[in-house]
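Supplied in structure tokens, the structure appears directly below.
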Amino acid sequence: MCSGRLDPTFVFKALASGADGVMITGCHPGECHYIEQNYKALRRIQLMRRTLQGFGLEPGRIRLVWASAAEGNRFASEVAAFVEEVRALGPLHWGKNGNVPSIAAPAAIQKEEVPA
Amino acid sequence: MTENMIENTSSNDGQEKIGVYVCHCGTNIAGVVDVVQVAEWAAKYLKHRGVVIAREYKFMCSSLGQELIEKDIKELGLNRVIVAACSPHLHEKTFRTACANAGLNPFLCEMVSIREQVSWVHTDKAAATAKAKAMISGGVERVRHHVPLEPMTVPINPATLIVGGGIAGIQSALEIADAGFHVYLVEREPSIGGHMAQFDKTFPTLDCSACILTPKMVDVGSHPNITLLTWSEVEKVEGYVGSFTVTVRKKARKVDEELCTGCGICQEKCPKKVIDNVFEAGLGYRKAVYTPFPQAVPNFPVIDVPNCTYYEKGTCKACEIFCAPKAIVFDQQDQILTLKVGNIILATGYDLFDARRMTNYGYGRLPNVFTSLEMERLFNAAGPTNGNVVLRDGKTTPQSVGIIHCVGSRDKNFNNYCSVICCMQSLKFAHLVHERTGATVYNFYIDIRAAFKDYDEFYQRVLEEGTLFVRGKVAEVSDVPRVESEKGKLIIQVEDTLIGKQRRIPVDMVILSAGLEPRKDSKETARTFGISCSANGWFTEKHPKLDPVATMTEGIYIAGCAQGPKDIPASVAQGAAAAARVLGKIEQKAVALEPIRASVVEERCSGCRICNGLCPFNAITFHEDRMVTEINPALCQGCGTCVAACPAGAITGTGFSNDQIMAQIEGLMMLNVEPEPVAA
Amino acid sequence: MSDYILYPGCSMETGARAYYDSLKAISKPIGLNLKEIDDWNCCGATEYFGISKTPAYALIARNLALAAEQAANGTRKVVAPCSACYLNLAKADHYMREQPKLGRQVNEALAAGNLSYKPGSLDIHHLLDVIIYDIGLDVVEKNVVRPLKGVRVAPYLGCMVPRPDYDHRWSDHDLPVELDMLLKTLGADVVDYPLKTECCGGHMPQISPATAFEMLRRLISVADERDTDVMTTICPMCQLNIDGYQGEMNGFFGTNYHMPILFFTQLMGLAFGIDPKELGFGLELVSARNVLDAIGVKAPPETPPAPPRRPRKPEGLPMPTPLANPQIETLKKEVTK
Amino acid sequence: MTEALTISSTPVSDPKQIEDLTLLKEVASRTAGVSNLEMCIQCGTCGGSCPSAVEMEDTPRRLFAMLRAGMREEALKSNTPWICVSCYHCVVRCPQNIHIPDVMYTLKTMAVDAKLVQDSTAPDFSQTFVDMVEDYGRSFEIGLASRHYLKHFPLRLTNMVPMGMGMLSKKRMNLTPTRIKNMKQLKAILKRAKELEAEQ
């Protein structure tokens, strides 16, 4: 699956299901297996971060990392750094105590009409 | 709440019978993940999600492991399979085949990577085990939404495109052409032959390089099944395995190939001498109209436009005047050709490391420092000095020569990899210098890497000849003497690591065994052909051990140094292997495409056309009459961008449907796990 | 006017007074506005690292912290004329970033003096780097009124500026061309000096005189063989070793070298037409009087440039063309402008 | 995981040496920055590049092999770190990006701690230099030179007279030290830094 397949709903679904942060990874710009689809992911991620802010949440809970298969060490350190950052933000508690904001009932929404 | 929604979409309403198979992979997984506990947990806590059996086994990919799965499918009536093992890159095919053997649609089998994504990247056993459970839970939730898929078959065009006319490309071309299929061989230079045509002798047998290469070149030139396109470059590649459409630019030679007889009079009469930076490695001259070397195939010259006096000043035309068949065409234009092929082999070769970058070795500043490619030309009887090994002054024979290994290789400041050929090449130089000049020869090495047949024997031979070996990476080559005996010499300063002392060794000539680098434009080439390359720029093979000639893109194969540094026998072997793979594909006549494709549910499509501009493969067409969008399944590569973009949810992606991914996320978050039973 | 925070370093007030004097003299014409760090301390040279790590870095970091405070209302660029000072400041900044543990410890120590330093908040440069890449050779050229015609100058940078070069600012680690370009701009006849980044011996005259003298001999003899009138340097330690220990070295080897060495700023001042006295001429132990003679007292008569020779037909085998280095190309363009 | 393997699978007859398999790590961890010391491939670029290698008992490469072999005493006794002139030729050429001069600084501190220094000229010079800096906040050449030469090169003093007189008469040396204003602050910082260094 290409990062271009990333539907923003997936990210909100993960947050609503109890994730405290979501990392999205893809091939480096210019090195997309599908030519240029990672650029589309980039656009969507910026949108998502704005939406997250709209919910009153820290946009830092979403991070985008470009990494190639040859960059194992860098990828690992990015993951470790992201975990630390999210830990500093604290737990989100969505999805746990039934505390899901009404706006994020993504599975239900996507079935009929996904916002662009 | 959301659960019901998902369950009702495409899962079989509780009819799933799922088998979970957890692999130890020896200790690869079991060393970090408590495999037994994971299997027991899956059987117990995912039972209500349809898991009817969960097993662990030492090597699931072994035939016994596969039989285990097949047996369960038959006996327990499993209709879904989860294999928690290595990356699907390695064994997805294995397990899908096993399922198919047992009568289960292979796309109802899903792999969960608990080796690459769990055991290899974690050390905390408890946490790793928990993560493995979560991932299996995700896999189980996902596989519930899998549907049987049938691969689409497309016919294979039997013609093949080979890019690069070095020894690897030549070998591939001959193998395929001899088997009776058509080959287009595209080469960027005016002649095929590649680097091998520049060499003098080949290690370890000391065969004359040209003597063994030129018959093959002639075969290529005269083969009825080979269309040879030299002085040409691929500009665009469209399509997919079986039917690629390739656009090739045939650069204007300014010579009519139909009329030219290859007599060579134009080269003789051309008054303009140019340093030949390609074939003579900058050590010799050619004319502005030239064939790179006498045995060039094809034997038509090209006019070097930037250096030709006619194009500069509008006068001269010496070549045209003397050309009897009137083959010189000054206003000839580039031609754009469109080729239809079923498979492609990339054999684009390597560039030599630019030794000027290591300023401490003085190449380009100190005249008597030479690169390995320059030396090949110096040794070559057809080279600029007729095979005489002399200093840059063109006449003095060196009395002492230092050969430096690993120039630009195994060095994090330049290239961190070993260039493979330089040790043997340096040993060959040592032998040839001895033979031609009788000079004292020093070899400066870090390690001698003389693996493969008869290579170490050659090392022994060079030792026997009295070559002086110094183990140590040379620190600098200097022309600044400290004592009388160093005056007028090049001084090689090095730690002799076997003595543990710094030495300064004065010599007359220094040879730098420069490493191999990917072609400067290799990343661009990879993009054109839609394959990937490593951070260094070498093309990435499908599997480093088990599939070293295929790429991740179906129908595109790689051979020779484009994949990584290698010597002539290895290039030939890989060229032949790539050809064999292509011939195998051609013989299949049709190829099954992965059924991971996007498709439009027409009733849902509102005709908004948001998806239309997104597809990089031009697989999306809009039907004005019906105001709906359609996706061509043969062109679609399954990236999924349009699926994510469709505001109406009208596009579905098989293998990566919204249902599947949403369910997998819930599974990963362990939302559907049976709660811990109250003690009873 | 470009503003910089100046870290002079101890020797600028003593051993390398000529450097300081000439720096002050040339600053104004080239538009270099230097503000000294208030109450700076010694950087520890190469000595403190060998005694104890954390104190060594804390000692350097006090200067960084003070500079950063000063930087709060202006430039964040720090310039050090001394090579060792430059390297130490750059190194402390670099390692505090590379190894966060060191950064934390140094800041804990600084806290005892109510200071703190966030690594990366300053931009640390050597003086030569600033003159070449910030001020620009075109500005230098505009100020040249007394070209150093006929003076054969060997450019000598020593080791610690072009290496390890954490920020990849120099055109090469072994044979950088920056100082050559500057000297050419001043009109000097630049000697092809292959040892331009060899070590002067550092503190070796105090530790192992024989080692030091051998290193000095190499530097001086090669300059001498290449008909050098004067060496020029960018480092107080290099100047001190070649100038101060030349006599003792001559005694050690029984040689009789007379190789003056000046700071590059002194030559700049000279070319700018500034009075040699203001530039600290005469403070050197091996007299550089010959330089003044060459351009001032007895100016060589103007000789018309020789007509360009027709390029000879290449003899022997052609040489590879030099590697295109964009950094050098830009500099060349500036010089010819 | 790999560490455990290294220790258990290495046949070592001398029980003392088992402890010293940590030597390389200790040196690396006491070095500022990321030393990459464990990456050495023994190519000898450092020893080849070194302008003072001739004076060294062991080339840097050999010294690193000794660290790897756990030869603590031999390694710390070596004069090599004291001969290093910090010219950084080795650093920019090292194919493995090892921070060689910084490792040398670490070895100096370890040798002094372990009282394994053979020739005290260099450590004394450094210590005298540092003493002056700690007292005044600035270096003080004449004080440094006179103290150092009297102790280590008394005979050279006569050779030094012309230079010393020259430096003095040209006012390139001060007879009295310069002191920074906020000596109290510097002392507090260094005191805390020394405590932190000792805690490690």
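Observations on the structure shown:
Which chain is which? They are A, B, C and D, in the order written, and residues in each are numbered from 1.
Keep in mind that, in the parts below, a contact is a pair of C-beta atoms (placed from the backbone, for glycine too) under 8 Å apart; a residue touches a chain by one contact, two chains touch by 3 or more.
None of the values given here were measured: they were computed from a predicted structure.
Under the contact definition stated at the top, the chains bordering both subunit B and subunit D are C. When the C-beta pairs in contact are tallied for B-C and for A-B, the bigger tally goes to A-B. In terms of Cα centroid distance from the overall Cα mean, chain B ranks first.
Subunit B and subunit C, compared by their mean Cα positions, are separated by 47 Å.
The distance from the centre of subunit A to the centre of subunit C, with each centre set as the mean of the Cα atoms, comes to 51 Å. Look at where the CA atoms of subunit A average out and do the same for subunit B: the two points lie 32 Å apart. Counting partners per residue, subunit D has 54, 89, 92-93 as the residues that reach two or more other chains. Counting only residues that touch two or more partner chains, subunit B has 360, 476. For subunit C, the set of residues that touch two or more other chains comprises 173. Here, these are the chain pairs in contact: A-B, B-C, B-D, C-D.
The touching residues of subunit D, when paired with subunit C in their complex, are 30-34, 51-52, 54-55, 81-83, 85-89, 91-93, 102, 104-106, 108-109, 112, 121-123, 125-127, 129-130, 133, 137-139, 141, 145, 148-149, 152-153, 156, 159-160, 162-163, 166-167, 170-174, 178, 180-182, 185-186, 188-194, 196-197.
Those residues of subunit C whose C-beta lies close enough to touch subunit D in the complex are 10-11, 13-17, 39-42, 44-59, 62, 91, 94-95, 98-99, 102, 105-106, 108-115, 159-160, 163-165, 173, 198-199, 201-204, 206-211, 215, 244-245, 247-248, 251, 282-283, 285. Within the complex, the subunit B residues that touch subunit C are 275, 282-285, 354, 356-357, 359-360, 363-365, 367, 371, 384-385, 390-395, 476, 478-480, 482.
Touching subunit A in their complex are the following residues of subunit B: 1-2, 5-6, 9, 121, 523, 527, 530, 532, 534-535, 540, 552, 610, 614, 616-617, 637, 639-641, 643-649, 653, 656, 658, 661-662, 665-666, 668-669, 671. Those residues of subunit A lying in contact with subunit B across their complex are 1-2, 4-10, 13-14, 17-19, 27, 30-31, 33-37, 40, 44, 68-71, 76, 95, 105-108, 110-116.
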